[in-house]
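Two complexes are shown next, each including chain A; its partner changes from chain B in the first to chain C in the second.
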Partner chain A sequence: MSLPDGLRNTSQAKNWVDSLPLSYKYSAGVSGQRFAEGLKQGKILGSKCSKCGETFLPPSLYCPNCFVYSSEYVEIPPYGEIYSFAEADGKAIALIRFQGVTGGLIHVVKRPSAGKLKIGLRVSAVFRPAEQRKGDLTDIEFFEIRPHT
Partner chain B sequence: MRRVAVVGAGMTLFRHRMLETGKEMAFEASRMALDQAGLDIKDVDSVVLGSAPDAFDGVHMKGEYLLDGAGGTRKPYTRVFVGGGTGVFVPIAAWWQVASGVADIVLVVGEEKMSPLLPHPQYAFWSIFDPILERPLGVTLLWIFSLEMRRYMHVYNVSEEDIALVAVKNKRNALDHPAAQLAANITVDDVLKSEPICWPVKRLDVSPTSDGAAAVVLASEDVARRITDDPVWITGVGWNVDSTYWTNRDLCYPEYLEKAANMAYRMAHISDPKKEIDFAEVYDPFDYKELHHMEGLQLARRGEAPKLTREGVTQRDGDLPINPSGGLLGVGNPIAAAGMMKIAEVFWQLRGEAGKRQVKKPVRRGLAQAWGDLMQVGTVVIMER
Partner chain C sequence: MTKVAIIGVGYSGYAPLTPHMSFKEMMFEASKRAYTDAGINPRTDVGSFICCEEDLWEGISITDEYVPDQLGGAQRAVCTVSDDGLVGLINGYMQIKSGLTDVVVVESHSKLSNVLSQGDVTRMSFEPYYERPFLTAETAVALEMRRYMFERELDDDIPAMVVAKNKKNGLGNPRAPYSAILSMDEVLSSPMVCEPLRKAHIPEPADGCSVTVLASEEKARILVDQPVWIRGVGWFSDTPWVSQRDFSKAVYAEGSSKMAYKMAGVNTPAKHFDFIEVDDSYGYKELQHLEALGVYTKENIKRAVEVGETDLRGPLPVNPSGGKISLGDMVEANGLVRVVEAVLTLRGQGPRSLRGAKHALVQSWRGPPTASGSTVILEV
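Up next is the complex of A and B:
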């Protein structure tokens, strides 16, 4: 079997670099805008389905199960639980779930000064001072482990 | 093959920029279509979504991103894509499923959110050009349309004025469309004096870029007869694609569209489309394309479409109304949603539900068509009462 020339001379392949300089301006969306406004006020907002009553975080315009409009936005207490987490480069990211809420938030968790991060630890959101909030996810600076109560 | 009916349709506003995300728009159009059909998401067996390049929304794997907004979670779900032809191809892909018996009820969704891309949605097309043969020239898509339009004008001796009449008609028709983005009362002179983009293509020859979604529900005959007294039947579908090399195509006559149309006409037992099609929603991202496409669909002889337009035949009260919705030039051009808007318009017209847009003559059979990929795909759907 003999290979075509092109396959034998791959080191000769001419190539050049091109770039497509594009940037994006995304809409927050109907529910995304409410979520962002909530964060700016120091609140975590979820949405409630008008049919099954399930609460979703992040909030959604519609219930993905019943496929009907959400009836209202509800404030979710900023206390959750670590469902799982990832650690690298001195930083930890966790999926935080909230009682009675479908979904959750992925956010930075501040590592405890003593002991280790564990699944099941209870955490609470630490918001930036009001004047520093921009209406996005970073308005929550991090979640921290709640002291034993 | 089983008979397939359209039983509901819905759409969002078409606008330059919508607050709604792509998912939210997909939901709103889908919900409206399900409501018109009197169905719920649990009744839906399968979902087919159409959306054009990911580069517009700026979310890669857009089909997956849009899943829950299109009601596809935990269902058989497919995204189909043939560029600008997608909007009329989505119902074809859904038709396969109902006609074959795989599904009884299919939700069909077209979505496009073009506004995120900066500096302009047009720049997404940079990446479609061949890196060796085309990109070094620094051309945009408009240059290609300019080549086509000029060739068409040359071969049939068509004037800019005749082509401008299409933009005037469609933007005026769109005044009666509640979702329209660029409805206007303009004159031929306004079109001729609008900013040249790449002569002979001028600003008002071109449809806008838009955000929007549209949806329909397809059902098998059994289901359709149970849930509505007024089903609209899909009686013909066709699609065809030509060479991707600009250099190897006839820029004056869309042969691929003729083939797509003939496929649909054969299925619908149509031998003389000009007489047997009552009205059509043909793809009009540019005014000359409406003329081009009328000829490819054989609704006009070659070179005859400008004359029919001049004589008023294609007006809403004419013998062969073309784009009574207002088309892409008037309603807007959120690519996959724009084709689906045409499907919805044919449905509403056939049911007599088009309100102020209702064509004057009684209609029994309509056609929707879209065009795209690398400007060489034709997609056609024929619907009947």
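Up next is the complex of A and C:
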């Protein structure tokens, strides 16, 4: 397409800049509320389907397999395994998976003082002191490598 | 039921920057080309217009309000599909197949150079409570990439070979702005963005618009000499939870291709196609997608790359267009961009080594953090 007459320099190409501040709040919902309350008590909660018995993390009001209510919230021991990890700016983010659970948590993993991070390493959740917890994922400060596991 | 053909294609932009054109003018130019190619007048010959775009990339919401005029669709049946262009193509296919209309126009575009908050727009697509606090597009990709390479026992050189191949393929494609001769060392020494993801793995943003004209068999035979038939379509979504996915597999590509193969009667995908266009983001995605499509297996995918089976002159050229690595990331237009490339190649207007090609597959992925995508099977 030809340019308008006289426009022969990109610095003359007109544009219009606008910026709108958008903010949202997100309802935690039934299962999110349970999960948040669990965090405050230093617990990781998953949901268990009454029909197929599969346990999901993050927990959900419904089972994606059976499309029925998840009847039960179960406490997941805070010991998991690094399924994968990514490193940038001296920080490592990992997907932590837990035995017998579908899903997991994406969180910060503290690098070991000796050796390197590896897929399959066992980690445990380090919770903040109870009085500092707010019911969000930062109630877990980080995951750390469990020694000699 | 009628067969459905692609009878016209058009494009515009396909460049890192397009400061001289508005997105509407880009659509006008691309559609004008597609209508000329198909020999139709949009004001009298088209039953329905479909645009594929996402409000957040447009910087304007309810974008379907802003698309009719520049397509020749003023005061006609127009709608927007907020998804990859391939999904729009499949919707158009169904409108014709069902007898609702006999000519449909499908459009998709990117004006990424106008998006000043690209990272924030991507971050907004992450689940806000469990995933957004810790993930960016790059982190999410790096997590999957590391796990996939771990399970397949791939070294860094394998994704780098895919990047180098597609950069080189693009050199033969006049529409591919990011094509280059790039050595593996150059890929492997490019800056680390989020280990193991390097800058050279990441498709660069591009502006562009693609338009296709679809027609029923009866119309297609009247209008053009070389219709390209849509023989199978499929679309599929894996779980929305990043944490619940199997990082070794592209479940969406497996599901969408199975649906398309069943429709097209393809029983041995590894032998059926003369060339394949798949989403090749970050190099490793090309491999993960080829496995999911059933053309390679987790056992033979590494060797296929090493011996050059998927090279332009290999037994099964993959991304002869140069892929997203060479054409650039055009967000919702990515799938339709590749349909245009496949159509041109099937008509003999693509790489010389692929003249006479009859069977092609186009697969698309909606990009991070999604696990949804589509497959279309084309034939001449």
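Methods note: the second predicted complex is superposed on the first by the 137 of 149 C-alpha atoms of A that agree within 3 Å, B and C clash if a C-alpha of one lies under 4 Å from a C-alpha of the other, contacts with A are read in each partner's own complex, and residues count from 1 in each chain.
One rule holds in what follows: contacts are C-beta pairs under 8 Å (C-beta built on N, C-alpha and C of every residue); 3 or more make two chains touch, one makes a residue touch a chain.
On a predicted model such as this, the values are computed, not experimentally measured, just so you know.
By the touch criterion defined above, A:Asp136 reaches chain C but does not reach chain B. For chain A, the partner touching the most residues, choosing from chain B and chain C, is C.
With both structures placed on the common chain, the touch criterion links A:Ala114 to neither chain B nor chain C. Once chain A of one complex is fitted onto chain A of the other, the partner contacts of A:Ala28 extend to both chain B and chain C.
Within the superposed three-chain model, A:Pro64 lies in touch with chain B and with chain C [touch as defined at top]. Counting contacts as defined above, chain A residues 18, 24, 26, 28, 32, 64 meet chain B in one complex and chain C in the other.
Chain contact summary for the complex, chain C toward chain A: residues 12, 17, 19-21, 25, 29, 59, 114, 116, 128-131, 133-135, 138-139, 142-144, 146-147, 150, 192-197, 239, 241-244, 247.
On chain B, the positions that touch chain A within their shared complex are 17-21, 23-24, 27-28, 30-31, 34, 40-41, 55, 58, 68-69, 71, 73, 113, 115-119, 123-124, 126-127, 131, 135, 211.
Looking at the complex, you find that chain A touches chain C at residues 1, 3, 7, 10, 13, 15, 17-19, 24, 26, 28, 32, 56-58, 64, 83-88, 93-95, 102-108, 119, 136-138. Taken in their complex, chain A has these residues touching chain B: 18, 20, 22-33, 60-62, 64-69.
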